[in-house]
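First chain written, first letter: the chains are A, B, C and D, and each begins at residue 1.
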């Protein structure tokens, strides 16, 4: 194929990715956008088999030509066979893990591509090429190893608590220095051993970097690694002289950066403290759970009565809803209330759940119309006119300590101001605190009723109680 | 200077222009953005004198080198001496003219640059270069000639009415064909005569294209020509291989396109009918002015009393405010009302005045805080709670015919729904209609009071009446 | 313009596009944004195919083939799961708001 | 990548940036947007200077010099008038809203 035509098509595919992201501006156009992006990606994959000779040119001209086509096609087929069922079957609560895993394999692929290209170029590589290769290999390996660890944490295959050991921070610093030193060695020697060392050190660094991050901070790390992988792909694009990879990688880099910043802000903490907090934090007193103060706990019937005589109910879903897989039951209850003429809305905190927008996906899965999902800034002024707030498995996002207790880990994080409402009902299993590990004063408030138990069970009971009223 | 460094600086300057436009997202950052853009442009101008030899290379190598530097500096100085005072002294009501003029000279400059480059390349020019040159010359000349005519119209040096003559549309079509034919000739022959013919025909086309456009549609044409000039500059950038020109020109092209579309939408008509409406329109009966129906006209004292006892007053400024230069007097009155404890806001229609956002500029000039300027969509719901609406030299933007009279020229245009308010006061000089030339039923409404006279005079009288109350 | 500079320009402009476009994404869709962006970097697949195609020995080939598998999982899986999520946001609201209308 | 294609890519990406950035411009500032964009295309000045500098005969030189003058007027005048307008939007509001606060 003619080189110009090939590049032109590459540009069109880059545009399709831009359109894919643009589509996400509204739920209406989002799916079409994603399909455009997928079509572009498919077209790119077909197209690359017809790449002009200059691109499929090889260091040693002898082995050039499409000798490995069949093998490549089989590899693609294998990837499809692995990837599609995983993507189809995954539960929406497990999205963070899946994204982490896909991100990791992407980063790994980018690192491998650069390594192969580097091996092939050998001493013919120019310094900028080598620098770009070094960047891709380091960041790709960190992204790969880090993502695998986050996956293990989120799947709870390993502990979700920060893993900190004596001298940990020196080990991390040492590894980082090792990575940088080996990078200099690669650039200087252009050898293969140095590259291998650098790759292994980078993998080690990726692991060490993520280990001390606490379970619920992991999504921030995933998003950061996502941005890194994007930049890696862009750097590979530089080495391979492919505009498409540059544009696509940069778009991902930008989106990862924005999401990371957004999560950090919505959680009221800096990125730095997320990543390195475990080293500096004074170990929290694990918030002596269930202390002697009295709370008002109620039965499903009490809750049903409160709800039944309300005019306006706001449901605040949180991470516990995801854990309990209660999204369908919540919706059933909301429909029941609506059919009784009660005004029902969902108040969505930006970091409720474990990924940005996680609650929206879970509730959309349960067919909740997205118009009922109200963002924090919009729902907060309506709490004074709300009779009952039903907090389903959320804690930190409604904890008034964020406003009142300077120095607590979530101080400064904007919260859903549910204490303004007439009644607050908490569905949770125990008096244990939420992710941030701090006591929630609201649980002891006279207007609060607690319904203990798994959110799904509790909701099922409330639904049948409501039906009997 | 090293070519790579030069190009890198060019990229930075392109970024400065992007930042300049980004700054306009809010009045707070706008001025800084513009200064960044201006700094970028200045840097570019200095930089070009240090361009690497490859760029200042010449077709015939003999004459190369910086021989004309002094002459060029003088030309720049002359341009500054002409441009700065014009920009400093112009009145805000005359902005459309000034923009038209600057746009025209820009288009002219782009056409000249391409012509000179073409003359120099001679037969060495490649076909893509020639095509780009042809595009630049045509669009640049159209933009230049068209802008000059719009300037003459807006300055009222020539009639502001559509100029239509028998066979006009055939002449336009003929000229257009001539332009295209001569373009083919240029591309085919690469000669100078053909270029000259093409340039002259393009100038003629520019004139003929704008002549039939009515005075108040001219801003749309200016915006369109602005977009065209942007594209011309981008095309010159292609010929001269300058990324900076491509980016800058394209940004302008996009902004012109968006503004053109926005104006056309806000006026409720298609771009096509704006440009070619004069050919197809049945001549309107010039809206038999001041017919026999009774209106309620009041004295400045009546108006002052109405205002004085209002709780909330909305001022709707229009083109007449600009004509009467009444912006300062309006503000004086508003301040007076505010000091009496009356709630005052300005309702700004997107196409009030003669340029998009024109009223905002005029009122900002009079120190009206921009927070008081309320956009149409926001102010419309507040009219039922408004006691008095003071319409200062506006007409079409409050004309209910846009809602009620299918087939009238402004039907479908969104309007300020002032008839919902308790009282409506019109300040105008006569019963003549506004730009669209259609009767305004609201003038005959029982809740309407008319105060005839120049807006500035009337307002001055109202102010002194208010002071005496 | 040198090739490197052209690529740099493309990079810089893409940064702006990325930030502008992504900052307009509705907050409701941040999870699909994450997985969609994730899918997009699966485009490294074409890089993997290119290097696999011109691999000259078995080490290169096997590394490249692994890269092809990983990148395919990333790309295909990413788009499929994003589509699955977005499907839930589409169409349904209409049905559901009719339900809302019943009351 | 050929030079033409690099320039085309830059053009296409700029189109996106232009639309994204401009569609975020506050409606209050549409008049300054028009004059500011106008000023930006005055950057054709650098094209005019380039061709003037390498003009080989008087026809070329005089046309190019005219272009320099026109482009300078466009650029300098455009930025100055935009600045003048934006100055009115800046700072003043604070003063004025203090006035509002007096009531």
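Here is the rule we use: a contact is a pair of C-beta atoms (placed from the backbone, for glycine too) under 8 Å apart; a residue touches a chain by one contact, two chains touch by 3 or more.
Note that the coordinates shown come from a computational prediction; the quantities given were computed from them, not determined experimentally.
Participant: So, comparing C-alpha centroids, which chain is the farthest one from chain B?
Facilitator: It is A whose centre lies farthest from that of chain B.
Participant: Return the distance between the CA-based centres of chain A and chain C, expressed in whole Å.
Facilitator: From the centre of chain A to the centre of chain C is 14 Å.
Participant: What's the distance between the Cα centroids of chain C and chain D, rounded to whole Å?
Facilitator: Chain C and chain D have C-alpha centres separated by 35 Å.
Participant: Between chain A and chain B, what's the gap in Å when you average each chain's C-alpha atoms?
Facilitator: 46
Participant: Can you list the chain B residues in contact with two or more other chains?
Facilitator: Expected reply: 18, 241, 243, 247.
Participant: Show the residues in chain D shared as contacts by 2 or more other chains, in ascending order.
Facilitator: Only 1, 3-4, 6-7, 9-10, 13-14, 16-17, 21, 24 qualify.
Participant: Provide the full list of chain pairs in touch.
Facilitator: Every touching chain pair, ordered by label, is A-C, A-D, B-C, B-D, C-D.
Participant: Sort out for me which residues of chain D touch chain B in the complex.
Facilitator: Touch list, chain D to chain B: 3-4, 7, 10-11, 14-15, 17-19, 21-56, 59-61, 63-90, 92-93, 95-97, 99-100, 102-103.
Participant: Looking at the complex, which residues from chain C come into contact with chain D?
Facilitator: Against chain D, chain C makes touches at 1, 3, 6-7, 9-10, 13-14, 16-17, 20-21, 24.
Participant: Can you list the residues on chain C that touch chain B in the complex?
Facilitator: 1-2, 4-6, 8-9, 12-13, 16
Participant: Quick one: in the complex, what on chain B touches chain C?
Facilitator: That would be residues 3-4, 7-8, 11, 14-15, 18, 241, 243, 247 of chain B.
Participant: What does chain A use to touch chain C in their complex?
Facilitator: It is residues 17-18, 20-22, 24-28, 30-31, 34-35, 37-38, 41, 44-45, 47-49, 51, 55-60, 62-64, 66-69, 71-72, 75-76, 78-80, 82-84, 86-88, 90, 92, 95, 98-99, 102-103, 105-106, 108-110, 112-113, 115-117, 119-120, 128, 222-223, 226, 229-230, 232-234, 236-238, 240-259, 262, 335, 338-339, 341, 348, 350, 355-358, 360-361, 364-365, 367-373, 375 of chain A that touch chain C.
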